[in-house]
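Input: structures, listed below.
Paired with chain B in one complex and with chain C in the other, chain A is shared by the two complexes that follow.
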Partner chain A sequence: MNILVCIKQVPDMEGHFVPNAAGSWFDEAGLAWRMNEYDAFAVEEAVRLKERLGGAARVTALSIGPARVVESIRKALAMGCDEGVHIDDDEAPERDPWQIASMIAGFAAGRGFELVFAGMQSEDRGSAQVGVLVAERLGLVCATGITAFEWRDEAMIVERELEGGRRCRLRLKAPALLTCQQGLNTPRYPTLPNIMKSKRAALAVLSPESVGLESPKVSSGNFRPHEPNAAGVILEGNVETLAAQVLEILKNRTAVLGKGGAR
Partner chain B sequence: MKLLLVGEIRDGRVTAESAELFGFAARLGVEASMVLVGDAGDLPVFDGRLYRGDAGHEFDMTYNKHIVLAAVEREQPDAVVFLHSSFGWELAPRVAFAMQSAQLSGVVGLDDGGYVVESCNGKMRRTVRPLTGRAVLTIQPGAFAASPMAGTPEVVAIDAEPDAAVEFLGCIQPERGVDLSRTSVIVSAGRGVGSADRVELARALADALGGEVGASRPVVDAGWLERARQVGSSGQNVSPALYVACGISGAIQHLAGMKGSGFVIAVNTDRDAPIASVADVLVVADVAEFLPALTAAIQART
Partner chain C sequence: MYLLALAAVAVMVRGFGERRSLWLKGRPLDRFDRPSQRLMRFAADTFSQRKVLKERQGGLPHAILFWGFLLLFIGTVLVMLQADLLTPLFNFSLLSGDFYRLYALALDLAGLAAMLGLAALAVRRFIIRPPGLETATADTLIHLLLFAILFTGFLIEGCRMAVTELRDNPALAAWSPVGALFARLFTCMDDATARGVHKGLWLLHLLMSLIFLAVIPRTKLRHLATTSGNSLFEPREPKGTLMPVDLEDESIERFGASAVGDFTWKDLFDTDACVHCGRCQQRCPAYLTGKPLSPMKLIADIGELAATEHCNGLIEKVSRDAIWSCTTCRACEEICPASIEHIGKMIEMRRSLALMQGEFPGDETRRACEAIEVNGNPFGLSGVSRGDWAKGLPVSIIKGKCEADILYFTGCYASYDPRNRKVAESFVRICEAAGVSVGILGGAERCCGEPVRKLGNEYLYRMVAESNIDAIRASGARRIVTACPHCFNTLARDYRELGLDLPVEHHSTFIAALIEKGRLKLKPERFSATLHDSCSLARYRDLTDEPRAVLRAAGGALTEMEASGKNGFCCGAGGGRILAEERLGTPIADERLRQARKSGAATLVSACPFCLSMFEDGLKRSNLRNSIEVCDLAEIVASRIDPKK
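Take a look at the complex of A and B:
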């Protein structure tokens, strides 16, 4: 079986985000990078399926972005993917989901992938569009936000998460595309020998134009921080002092400590 | 401007959240019609056209797409509006692709002719504008207040063939367990607590306050606390008098479950964390140091 996994490299969300000069997206200076969390679930599930199917399966990991994304492709290889594809595109961070999907589908078309795994959303853009758009372009059956996957009798049974903790079970046949949600699995830590091996692996490098990059459908601007609660206070300093301050706040502004005593 | 709203049906009823779509139309002050797929005993209350397809199942997205596209064809809206829900994010890109139109996901506000969406797990926002004449939008549940509606819609039935590519095997209900919906104090642990052992620090604080522990999703996924304690859009909705968020960034799906809390204290090492948007007090500190100090202070109080 021929499997494709789509991975995006995203900044560590605990970093400090500053708008770029155009105000269209964030400035990359000073940010640390890692694989999008949802895509790590996708890589793990693809590799587990390959291990189950034995020698008959191959997993290709694809990422679109500037040179830095090679690090995430190598991470996917170290986790057990067989081939790495880098669509080398400095503009990728600001491209919209339509454009990213045009390139992924352009690459995948005619290569006979029976299963495509993507993340349910990217943590920085959070659009939850790319996977479904790729499926529509390639004419694949698709299910989003899966929290369980089982390959049985040449078909798959997946669980899709709905609101309020409800899930539905679906059966679908390859060729299909699935987007992966938190809780699907626990991604493995690559072993040292696999890390070393992945560093030497040759990657296929392609240009955006060669895989059919299309024009954008949206424009983006006024990138800005989320406003904090205007009525809120921010406390910083020594923990003992902080604890005393918060105790006073609990006494004065809430009723949770009761009248002079709890346990 | 004219909108086509895509309502949702669950367990044979039009969902309460579907009324937020009308709230969005009211915010824009524009005309709206609705399309509904699936079988419902009730109809939404509004004065306008209601397109209906009731032959497929809720998870047959190919069928659902055909129904929505048929309604688009007849209605010629400027925008097709979904909720950013498990139904909406699955169906909207299919409709957008068929229409060759822009899609804007998770709209939380309006800004000078553009739409405000969140970025970076809720830490940042930006304004997005469609470059195509028509657009597909998904609006974040909870972002636009439902508006009171009156009237009886004019129903227009739409036919399409169900599709067999996805077989629906049934639904699984969430595990029953502790009910946090009536608890007055909740101390929730997030990924920032760092380990299963450190969840005990949150539990100790909850005990000192006579409350319960809650969790963000990664904490439950890691098995540090049971699933029934998860707060958020895919967990429980809570509204305690006091909510203490420990090492929780404040992603929109978490906020959706705890926005109704009376007083919110957040403990986080990152002062830019989006939890600050709902916190009455943001304590910038390491949970491992601050939680024991606060627990001790509460226990020692006179």
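Take a look at the complex of A and C:
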């Protein structure tokens, strides 16, 4: 079986985000980069399926972005993917989901992937569109946000989490595209021999144009960093002193105790 | 007779040959360098019995038995020389005159001492039965055999004296007081009977002695050679040095130990050096808090597996829970009278789990590894903001040209953890008062890698270590101080292996020197405290006096806990356990807090961010927050800086 995993490299969310010079997206300086968490679930599930199927399955990991994304592709290889494909695109961080999907679909078309795993969304842009757009463009059936996956003779049973913790079970036939949600699995920590092997692996490098980059449907207006709220206060002590402290704060910093209730 | 003895020696040699083939299942390791130094150490350790004497109850009777037997052995050899070499060939009598009198007395007393030592050991083993001392049938048989050899020895002497000295030369008999007592048993016999009995007893004594020789390699008695012999093979590197892992050689596809053959021959020799005395177990913080780890059992398990044909399934035999429970506190190695290296074995098995399986003690530990990989700290907080704690303090972030007197390698806890940031602030205030300018690497610093290295993740350790070494070199720093013993050992010892060659100091010795040189003036205020020795300082570095001297200079009236100094009790955070939940048994930190409260001191002082965090967490858990205060050495000192100076 031929499996494709789509991964994105995202900044660690603990980083400091400031707008770039154009104000259209964030500045990358000082940010630490890693594999999008949802994509790590996708890689893990693809590799588990491959291990279950034995030698016949192959997993290709694809990522679009500047040179830095090679690190995430190698991480996917270290986790057990067989081939790495890098669509070398410095503009990728600011491209809209349609453009990203056009490139993935352009690459996948004609390569006979029976299953495509993707993250449910990216942690930075969070549009949750790329997976479904790729499915649509490739004519694949699609299930989003899966939390369980089981392969049974050319078909699969997946679980999705619904509002309020409810779950439902779906049955799909390959070829299909699945986007992966937290709870699906715990991604493995790569072993050292696999890390070494992934460092030596040759990646296929493609240009955006060669895989059918299309023009954007949505353009980015501006980017604003998170505006911090006033800092929270944690009170410590026993109940009596805590109550007194709360009263003090309510008196001094709020108006709730002013003028009684007769307003 | 010599034929019999030769046969017994042959059986013994053959037995050791069999053991040797077991040791050689391990990989090669050079522990033969500087043979003369090694021999000196071996002789000193063995004849002084200093290691076994570290604990008196079992140690003293053992030493007495040893010294007694040693003299008896020398005496027997002299008799052999006299009877079969000197007299027949040279007609020379060595054992005569004053020398003989001394010889007789020495051997007589040696025999008595050996009997008393053996009796004390028997009382300990069969009556007192201290916890952890397990008795097998073989142990009982060995006791009986040794007793029988000594007892028949005295009977032979008595029998001989009854028909010779006691009658002919009572003055000489007085030089063998114990023998003379035994001789009374035989005075009623006539000469011929006594001679017959003497011959019979002598043959019995000989036979038992030869049996003793033959069973040495096949029973715990092999420790005569292996335990003392292990002194020869002790590591000569600084304590805590781990086996190097070659990450450059791409042909290596196997890391750590998952089978007996992955260990070195010394690791397997260790299993034969162990006499199951249980000292390690009785000091192991994991064992004592109900975790499925006993250092003694670890060694026994490896030994048992090495004796099987296939030698596989090492991890399952030892068990993952045991492997991950170790805090690498080194209490076991410190007390072990047999020079056994427990921790290296643990680390090798952890390397196998971490590097070959991607396994850690829990999911939280895996996430911490990933966080260190991405952010340079186990909390997953922004690496760029690592130096934010120093904002507003007289601290420069060193880039390129280093103007500061010292580079303060802050470490993850002092950089991010609010409680430990106070320690960092205190340290900076101390330096300010002493006129020492402080620089930090800020965002260029990453976790030193110690916890993940101890968890077996050598690859991640190497990644952060190389990044830190580059940053330190780029900073131009000439001297490094750290307030974390884990960072300290890693930078001072382990980074040296990777080429960092700068003086590195821990803040306890650094502050002690500032006080001693008069650069830091304190206004002592009396307080009662007990010092918790960090394992990394006390046992890995033999640093126990300096932190105490600092506390006294600050006005501290110190009381010691039941376990202190090099015999201290771990806080539970070593060996990378700081990154893992403690799911088995009871928390180690709670046991240490119990000891601290029992000491009666008002303040528990540590000089390590891991210890401090463990104790703060323990106090929160126990709802006994007001029972004892915990703080770092630097906080005590900073609050007593003399403002006038």
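In this text, the second predicted complex is superposed on the first by the 226 of 263 C-alpha atoms of A that agree within 3 Å, B and C clash if a C-alpha of one lies under 4 Å from a C-alpha of the other, contacts with A are read in each partner's own complex, and residues count from 1 in each chain.
The working rule: a contact is a pair of C-beta atoms (placed from the backbone, for glycine too) under 8 Å apart; a residue touches a chain by one contact, two chains touch by 3 or more.
Not measured: the values here are computed from a predicted model.
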item	value
Dominant toucher of chain A (residue count), chain B or chain C	B
Touching partner for A:A67 - first (chain B), second (chain C), both, neither	neither
Chain B versus chain C as contact partner of A:A255, first or second or both or neither	first
Touched partner set for A:Y189, first chain B, second chain C, both or neither	second
Which of chain B and chain C A:P97 touches, first, second, both or neither	first
Touching partner for A:H16 - first (chain B), second (chain C), both, neither	both
Contacts of A:L53 with chain B and chain C, given as first, second, both or neither	neither
Touching partner for A:V205 - first (chain B), second (chain C), both, neither	neither
Shared chain A surface residues [contacts with chain B and with chain C]	14, 16, 186
Touching residues (chain side chain C, partner chain A) in the complex	247, 250, 253-255, 354-360, 363, 366, 369-370, 373-376, 380-385, 443, 458-459
Sites on chain A touched by chain C in the complex	12, 14-16, 30, 32-34, 186, 188-193, 195-196, 200
Chain A-facing residues of chain B, complex	59, 61, 84-86, 89-90, 92-94, 96-98, 101-106, 111, 114, 117-132, 165-175, 184-185, 207-211, 217-218, 220-222, 227, 230, 233-236, 241-242, 249, 262-263, 265, 269-274, 276-286, 289-290, 293-294, 296-299, 301
Residues on chain A engaged by chain B in the complex (per definition of touch)	11, 13-14, 16-17, 24-26, 96-98, 120, 123-129, 132-133, 136-137, 141-145, 157, 159-173, 182-183, 186, 216-229, 231-236, 239-240, 242-244, 246-247, 249-251, 253-257, 262-263
